[in-house]
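In structure tokens below, several structures.
Each of the two complexes below includes chain A, the first together with chain B, the second together with chain C.
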Partner chain A sequence: MSLLDALPTPRLGRGGYPNAVLISLSVVMLAAVWGLDTVSVAPNRIVQGESVHVQNAFGWPGALLVSLLVIALGSLAYQPSRIHYWAALGVVVLLLVLMPFGLMVASHFLIDPELPQARLGIGGGYWVVLFISLLGIVELRLRLGLKRLWPVFILSGVGLIWWLCAWLWLKDLALVQEFKARDHQFIQAIRQHIILVSTAVSVSVVMGTLLALLMRRFARLQKVAFALLNFLQTIPSLALFGLLLAPLAWLAANVPFLAKVGVSGIGNTPALIALVAYSLLPMVRNTYTALEEVSPDTLEAASAMGMHRIQRFWQVRLPLALPVLLEGVRITTVQAIGLTAVAALIGAGGLGTFIFQGLGQAAMDMVLLGALPILILALLVDAGLGALAEALRPGGVQ
Partner chain B sequence: MIELSHVSKYFGTEMAVDAINLKVEKGQFCALVGTSGCGKSTTLRMINRLIEKSDGEITLDGQAIEAYDPVKLRRRIGYVIQSTGLFPHWTVARNIGLVPRLLKWPAKDIQARVEELMGLLGLPVAEFAHKYPHQLSGGQAQRVGVARALAADPDILLMDEPFGALDPITRVKLQDELAGLQARLHKTVVFVTHDMDEALKLANHLVVMRDGHIVQQGTPLSLLQHPKDPFVESLLGGLERGLKQAALTRVKDHMSSMGPTLPSQFRIPADFSLRQALSMMLRDHTDRLAVVDQQDVPIGELSLRKIVKEAQLEKGSMREA
Partner chain C sequence: MKPDVKRVIRSTQATAMTAWLWPFLWGTLLAICIVGIPHAQGIFQWIEPDVRQVIYQRTPFYVLLERHVLVVGVAAVVTISLGVGAGIAVTRRKGQDFLPLVSQLASLGQTFPPVAVLALAVPVLGFGTLPIIVALMLYGLLPIVRNTLAGLQDVDKDIKTAARAVGLTPLQVLYQVELPLAAPVILAGIRTSVTINIATAALGATVGASNLGDPIIAGIINNNMAYVIQGALVIALLALTVDSVFDALQTRLRLRLSSS
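After this line comes the complex of A and B, so read on.
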């Protein structure tokens, strides 16, 4: 608190009240920088790494620079104004851009070039700062009223810098080493992951839309279908994968045609079935609500002007429902990206493979190699589809 | 011409409209007035078959509406509603051009028609054509709604409380404009409202409805002079009825020729209403006004005593007839 007391008192009428969110975030960040380990150093892959704190990892100048940036963020939030928010956004971006260079400094200080197996792990403090910076960007985007594509632009730039650093200079980072040891596998896994997700989502978009349309036509179907889909949603994903194993294996064994097209107890088929089953509920619910929510006055006007049913659906109901409908696709896709990780357990491949292998080998960096791309994929889809839905709002605004 | 004979509508067992007879001549402006739930909107929507009648017959120009395909029928009938029903994802120009587009007019004709209508309704093309409905004020949005209804030049215009959601000043302005439009276009209009002043101002055929029945219909003046029962009388404003009647009467119909001297220093144009004249007398503490023409030249005089006497005579002669 002494830190906050030292800051100037807010002047009323100029900036308004201090932004509690950003101040809390920077306090937590500062605590994490100094309280948690920043990196860990291990002589090889198996041995538990040794924790290193910030002043030893980055040196005192580095540690002070990080602290100053975090304090600057907090102070800018104390007297919020548009200019201060833009400056705060600059500070957060600077922090994100500097982070890989911090790792370079740490690897220079801590990794003995004589030990080829030695590796640098990323510590708790570092992760906390990374995630809080991302939260900070979300908060600042809302305060500045920026479009949803802005964070995507910012993070793509930051990501590029990270990628370059990892590629060119961060050979000692455990994550990079895990990647280099299996880069072909990695590309393959990402491809499998994306194919599984996009197939499952495409199928559920088509099925979900058809189901929603049927439900609108036959009111009685609505209760039954929602009950069933809700029930499906309550089955734990792992259990559903397991439940599908036996009947699908039996089918594959007894119906040669199905076996030929790739149906089997493990692998892609049960994974796809389970993913579609889970995706249907959010898809149907959003499609149904989106179509139902279109203002009855607007629809009646469409009829009164002399539109046929089909014209009314394509020209009025569907375009007006589209933003909410896309919201459903967004939720479904993000959910499927996460669920597909579990599908690795039944041999469907994808990024989940690294997570479960890493867990089995107690190699946390390998888990990260699977988990981080899933996270990034989910964020990209979220922002991309969110921005699309935003752009499709009636008249481009609202 | 629209003719309804013995038209009824039941929703389940509930009777919404009960065997009504109504005839709207070509070019007539017919207002359906009544309290909420009296069946006036239902009646209106049976005409363009948004609601199918349960019983009776509705004819347009002598032909039963069942003979028309409902979609084609609606493209021939303009429709304006209180909430405008504009399509929020379309620009003003696209909204107005909807029916011509459905009728597959050539693009050039549609554009010309849209611009013509925007001019007619006081919406500058450069300023409004590319705006979206949520960027318009209530009055502007309703102008677009009226323009859209007129787009394919329908003979019939159905309006369901079109100005009900507007502020009083905008409402009066749009009423005046609608009256002006009707004087030029001579559409057959059926207009639903619960605002009696609006109905008296616009309509030349007034229909009072209650509980699905037509209580009384006729010219506004005839209803004002001889309301059939206390319900119609209260709807017409009770004690205010005299003033409402005066509002429908022109000064020139009651003026007498002018004597050698100017009867009063206060002047009123001949085409003002009697109500405005009475208001002026009260305001200026006088019982005589000089009536002037458009060039402000005195052409006659109006006296309070004479107005009252003529009203008595009128009432007496109506009674005898």
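After this line comes the complex of A and C, so read on.
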């Protein structure tokens, strides 16, 4: 279970105590808006950009608008009530929606149309405000007692608006330029990444569940298997990918059948094997504890009602264990999304290619083009599977 | 002293002794590897018969080990003080408001893949050791915060009330009652965090932080399996040594708690 469900959610401030969390978030946001650089302007791809502060990027009216929104957020939190929290949520969403338009204004002010290579980078202030807005949404969700699905909906809407803006108007943005230069490659890489992750996770779900079931049957296996899986985790992912290169290359060279199936030293096969090996531990551990943790009283009640073993497993044990089991799938998938990026080093493709190519060329926008989708993918999977586990919990949402 | 009390003490001492056996064994093995790898030409030649140079020689292994330990250590010290500090702060009355957000933030930290964090940290912090320390900090925060919160919240309310009633100040309650009782759980969190990070730190080699990941990267690039094995072997042994040290510490803590 995620930690949060175990924690008491604070009640809405009845006596109207100021919400210290939102107030401090808005103070930090205000400091970031005025203290850090908002955007950066670079004449081309390799040169480090020149940072620009908020009043020059948006002009004074824009800078004041942002500050007013942030101050409104803080003052709404001063006397919390349900209406005020909803209003604060509206303010945060408005702030998020306005972000790409701010970039448009900045590119209008700062980018010289005579220079075709000139590009606008997103500065530290922008990232901090974005991150703190996300924290604000999390905090407001908890205070309002909303389901996990809500932020997913809100952020998908915001993301759609960003995507449209980037597609239609933000041609000067460095990230967009970087994408336009290799859009086919990018879509190919995302597809590759998702295929690798989903294959590895499905294989490890099947294997993990089987292993957990066997462990419940044979107690001796449990110790050996956990020791082995724990040991696997101490080998760095980088090394595991590397170590598989030679044996698989040898197999591909000496067993023609395997080579025909597609086994080779570099590429997908070693990546998949390493991904599955790493995914097994969280998967097995969660499945095992999930199945073990079902209360013996419930099981006894099921037997007393006349269920036999197989019925008891499918109708009682498994449904009750499902949320914890899904938690294992969530951890495994998020971990696999990150590890697949490393797999790019052994030629497995995926979004990691952009990261390592970009690092090699010192082109940070390209690194961003690889890293951001990985981050978004991880957050999406995390939120989606978290919401699913919440919905599946017997007895509904707490 | 009664004989059975004596026996209990002796068996306690025995457990304490055997607890330190594993760290000693793994540590010795690690030392043997560090010293022995440069002389094990024959073994590695057998693995990579076609390559002329099979021993990673750009930097001596003890230097790499030292850098690796330094990176993980710095990240661990910062993470532990931040994580335990935050855990203590949000379980006090004044910081209660921040409790849900901090726990969410910590679990968010583990959702961010270390590679992505590493890549995003490079433009801000430059190439080298700093980005990997940041990535490790973010990644290692969750287990520590989670366990600190769990440990402190599990302390019996009645014990705390009793401690206040005897006249301890809130600070004394924290140091003399809550933290000692929560220590085993907090230590378990630190153990998970540090062990994961020893393996993750190898990623730093991709952004120019020189550590035990170096031989691995060099091996992948040059298609030289011997390098990869050397790097992986030393990292795995380091992780096992540190893990067993934590195991011994946990045993000792448990013994002290149960004996007092």
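By our rule, the second predicted complex is superposed on the first by the 381 of 398 C-alpha atoms of A that agree within 3 Å, B and C clash if a C-alpha of one lies under 4 Å from a C-alpha of the other, contacts with A are read in each partner's own complex, and residues count from 1 in each chain.
To be clear about the criterion, contacts are C-beta pairs under 8 Å (C-beta built on N, C-alpha and C of every residue); 3 or more make two chains touch, one makes a residue touch a chain.
Computed from a prediction, not measured in an experiment: that's the story for all the values here.
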| item | value |
| --- | --- |
| Partner chain(s) touched by A:105 [first = chain B, second = chain C, both, neither] | neither |
| Which superposed partner A:130 touches (first chain B, second chain C, both, neither) | neither |
| Touching partner for A:234 - first (chain B), second (chain C), both, neither | second |
| Which of chain B and chain C A:243 touches, first, second, both or neither | second |
| Touching partner for A:355 - first (chain B), second (chain C), both, neither | second |
| First (chain B), second (chain C), both or neither touched by A:298 | first |
| Chain B or chain C, by number of chain A residues touched | C |
| Which superposed partner A:370 touches (first chain B, second chain C, both, neither) | second |
| Intersection of chain A interface sets (partners chain B, chain C) | none |
| In the complex with chain B, residue positions of chain A that touch it | 295, 297-298, 300-308, 311, 316, 319-320, 394-398 |
| Residues of chain A that touch chain C when the two form their complex | 2-4, 7, 9-10, 19-21, 124, 135, 138-139, 142, 231, 233-243, 245-246, 334-335, 337-339, 341-342, 345-346, 352, 355-356, 358-359, 364, 367-368, 370-372, 374-375, 378-379, 382 |
| Chain A-facing residues of chain C, complex | 47, 96-101, 103-107, 110-116, 119-120, 122-124, 146, 149, 195-196, 198-203, 205-207, 213, 216-217, 219-220, 223, 225, 228-229, 231-232, 235-236, 239-240, 243 |
| Residues of chain B that touch chain A when the two form their complex | 48, 50, 71-75, 79, 81, 83-89, 98-99, 102, 132-135, 148 |
